[in-house]
Amino acid sequence: MEPVNVKMDELDLRVSIGSLKLQNPVMTASGTFGYAREFESYVHLQRLGAVVVKGISLEPRAGNPPPRIFETACGMLNAIGLENVGVDRFISEKMPYLSALGVPVIVNILGDSVDEYRQLAERLAESPGVAAIEVNISCPNVKKGGVAFGTDPQMAAAVTKAVKQGCQVPVIVKLSPNVTDVTLVARAVEEAGADAVSLINTLIGMAIDLKSRRPRLANVIGGLSGPAIKPVALRMVYQVAQAVSIPIIGIGGIASAEDAMEFLLAGACAVQVGTASFVNPRATEDVLDGIATYVREQKLESVRDLIGALRIG
Amino acid sequence: MEPVNVKMDELDLRVSIGSLKLQNPVMTASGTFGYAREFESYVHLQRLGAVVVKGISLEPRAGNPPPRIFETACGMLNAIGLENVGVDRFISEKMPYLSALGVPVIVNILGDSVDEYRQLAERLAESPGVAAIEVNISCPNVKKGGVAFGTDPQMAAAVTKAVKQGCQVPVIVKLSPNVTDVTLVARAVEEAGADAVSLINTLIGMAIDLKSRRPRLANVIGGLSGPAIKPVALRMVYQVAQAVSIPIIGIGGIASAEDAMEFLLAGACAVQVGTASFVNPRATEDVLDGIATYVREQKLESVRDLIGALRIG
Amino acid sequence: MSQIQQKVELIQSEVIAAGTVRLTLNAPDIAAAAVPGQFVMVQTAQGLDPLLRRPFSIHQINSEGLLQILFKVVGRGTERLAQCRTGEQLSILGPLGNGFNLGESGNACLVGGGMGIAPLLFLASRFLQQSHGGVTPRVILGARNREELVPLMGDFLALGIEVLAATDDGSFGYHGLVTDVLKTLNLTSQSSVYSCGPKPMMAAVHHLCQKENIPCQVSVETVMACGMGACLGCAVPLKAGGYAHVCSDGPVFEAGELLWSL
Amino acid sequence: MSQIQQKVELIQSEVIAAGTVRLTLNAPDIAAAAVPGQFVMVQTAQGLDPLLRRPFSIHQINSEGLLQILFKVVGRGTERLAQCRTGEQLSILGPLGNGFNLGESGNACLVGGGMGIAPLLFLASRFLQQSHGGVTPRVILGARNREELVPLMGDFLALGIEVLAATDDGSFGYHGLVTDVLKTLNLTSQSSVYSCGPKPMMAAVHHLCQKENIPCQVSVETVMACGMGACLGCAVPLKAGGYAHVCSDGPVFEAGELLWSL
């Protein structure tokens, strides 16, 4: 692993997501960083703002049959099918390593019913290392639940309320971009008590193999991520920033510090790096170093000076 | 200009969009091919399936202030603001050249009210060269009208009815991808009498210049097009193909014959090539040559064998 | 207007100053049709990223069909081009745009700043070669400092054209702006000024010429997607209202037609 | 498990048969840590397209820290790699995956088809170098025809290993399948088979070994995004139900663990 080469002692990169204090605004995106250990050879994990782990369900899930991924122009489709070890094994097998890292651990959860979300929140609230819960109401891959929760403001609010009731830690609701008006869902979950929103999850996409005349994914459709979707993500973050007053975490196609700072300017308090970590496993740390360098070179008092600092008109 | 190098005499590439017969399924996308003349040095225009021209409004429009375009990962944002010469000058200055080409001319129209759409259809119906009208209810750039028509099934149906009343030529309604469920709008315009639907128009996106902290587009938001959006477009064409029985024209990120044929397999009867024509002005003809070569090599009876031939399960 | 899309061979790539590169392409068809002020659109990637072509003024052509572009490395596309190696094939479109109007003027003055000198070399050689007896234009070139300016002057000197130099820091030639030098030439309404460079420089040249009633043509830059009038992305505001399109109505304009306040 | 992300220099690029390329990279850190059957993820573009890295088996390493990959040009990524020139820097990740279990076997047989031979060369040399006295594995290689097969054999012969060849068209060696050759060797449950190649070939090898009760390891391929266990994209179905991940649980598996019907 490369040595840490950007001095950050004197820089103020701290941001808050409600009561959750982060040493800097750079997190991992759920499902793209495994359970963090996978990246220990590449990234100084203790430098991250927070680690967001793969989506966890009540019961273990085997996931979808292959092929599960396909590369597209500046992006990729995935239909992993939310393969995960289930909440019990997550707590017993994965949390010990994660909580020892010394950075906030945010657990992404998904359920098939409002009650499952509540149960997940309750189970995780018992695990002391969990700093916050990110509620995935937007995954497009599972037929039951996933889609409906994220596209219907009322359902999204119901899930938010249930999770809030189930736990004391900050609750971040992760929004789907596959909607006509993302601000409606954002406002609904804000009213329902969400401490923050994160966006965007993947756009729904598809690809076809001309040779076999079959879909490239066994699941037919999948989630589009990567640099290709960044303009859509940035627009939605900007729109939501005008609509809600809770903190926003920006996600979608972030591969460089410049990308990340665009999201901060648009109104995000923090960002998540997703697909970029597949291409460059050190992407999260590279984004962090780039932000730090910018804050130093521009002599900003803190990284918070960037948040929402977009100039219009 | 390069000589025509793919022999097509013996091949059956014909497709129909309702009563409109095309010699092949390759069209241009509105707003990306000017008024066709711009491409006469690069493309044998008479070989195209149809020419779709830049969106026309009742009155001339100056368009948005610059910057109007910005390159993104495998795509571009545009906020041209529907600059156009207006329907009168279009008919007097542009139609003579277009109708002399000998290929169907499809006129893309946009209005700020249902009545404007009807008036446009009536005016164009008087011009003998107009083979069909494509109704742009989806352009995200103009604050009045544009967005609402395309995202609300009832409004979309109202516009469709008005245009149908105003003219006898086939009416193609162009759908917006910025909706939760594209099939709802597709079904609504089918019921309202649309002869075909075309999709997708651009996704709404945004980009920010870190140096100036300003949006990259004077209009703040713009339409995302190009290869980046192809997976979303293909998914929506596939969904709409399951939902309606009128012909579908596939649009979005098509840059090669392989791309085009994916749309045919997903259920489109024809395709439009947009942003790719900026990068490779010969893109439409290259797509056509590639399809012809495939039809010959695979010994298909006609290109129509590909339409909807996706295998699932 | 006949435009060509072609793969052409890179014959030579020269770094003529830090971050400034000159490419020589074997493009006889485009070279034969080109006039000064026109440009080419160059594809910079093999894949889909960067997606769009990049516009470059035609810097010089010769009778063997070689065409040169001169550019500064400012981003991903120009970086890619700077890395291209001799023998590689580059896809280019051209010649595009309208070009300068050389008119009757026996008293032409070319005013370039930074990379704005790129189209002026081709323009200067055309003045020298004009059918009704060549004329030697006057040339004023400005840059930030000696390092930037001197490498750009060589080609003009080789044509036998004297260059009036100005640098921001005074490290070479006149210490100040090109407009200060322009003032000293006592041009009249019978002269013509041809200018290309950074926007503030061209605005200053325009205002000076307007005051003195000297005809002035400028070559302007905008972001472009197509370079051929199809996307309408390259709008510049006109004094009379509305917009012109740099790729098809320009890139050369009568300075007075444009709205300079923006 | 220590994995490294590094820019490494391309030392040599050889076209060893039509569409088959071998790259030699100066990657001492990765080479030092690698075991046979592991792979590297190689970035093929400078820009964002193609976006994802491509996985390639480690074909050979040497004591000077050079690492080779051997691949067929099948798409955009491999095309790009085939065009890379000596001196270029390539970003690679590795060593990844689990590698073959060399076990105690004094009677190893390596069965490769097409590009499946790539990891077998490294494996064969390790067998020769094993600490407790080298053993010479038997090697069966199959391909469609002489043109494809012969260039792939040279490195094994240079190691002093005899190659049993099989071609689909009989133009070289045995006319038929590698499994036909494998049958003639009379392997037992004390032997071990190591196989890599097209899926139908590996399935046939597996079924033969299963019948004869011969231990068999296979190296399998899937599409990959990360190569390091993070995306869960590289699933292969297991006989016992559920999925394994080729990049982290494999790419080498006991053939009996996998579900071959799919």
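Letters A, B, C and D mark the chains in the order given here, with residues in each chain numbered from 1 onward.
One rule holds in what follows: a residue touches a chain if its C-beta (ideal position, glycine included) is under 8 Å from a C-beta of that chain, and two chains touch if they have at least 3 such contacts.
For clarity, every value in this text was computed on a predicted model and none was experimentally measured.
**Student:** Using the contact definition stated above, find the chains touching both chain A and chain D.
**Tutor:** Touching chain A as well as chain D, we find B, C.
**Student:** Based only on mean CA positions, could you tell me how far chain B sits from chain D in angstrom?
**Tutor:** Averaging C-alpha atoms per chain gives centres 47 Å apart.
**Student:** For chain B versus chain C, what separation do you get between their C-alpha means, in angstrom?
**Tutor:** Here chain B and chain C have centroids separated by 36 Å.
**Student:** At which residue positions does chain C touch at least two other chains?
**Tutor:** Where chain C meets two or more other chains at a single residue, that happens at 48-50.
**Student:** Mind pulling the chain B residues that touch 2 or more other chains?
**Tutor:** 73-75, 226-227
**Student:** Once you've mapped the touching chain pairs, tell me: line, ring, star, complete or other?
**Tutor:** If you draw each chain as a dot and join those that touch, every dot ends up joined to every other.
**Student:** Under the touch definition given earlier, write down the residues of chain A that touch chain B in their complex.
**Tutor:** These residues of chain A touch chain B: 72-75, 77, 151, 178-181, 203-208, 210, 212-215, 220-221, 224, 226-232, 234-235, 238, 253, 258, 261-262, 265-266, 309-312.
**Student:** Name, in rising order, each residue of chain D that touches chain B in their complex.
**Tutor:** 48-49
**Student:** In their shared complex, at which residues does chain B touch chain D?
**Tutor:** 73-74
**Student:** Name, in rising order, each residue of chain C that touches chain D in their complex.
**Tutor:** So the residues of chain C in touch with chain D come to 45-50, 76, 80, 85.
**Student:** Using the touch definition up top, name the residues of chain D that touch chain A in the complex.
**Tutor:** Its residues touching chain A are 1-5, 43, 48-53, 91, 93, 222-226, 228-237, 241-243, 248, 262.
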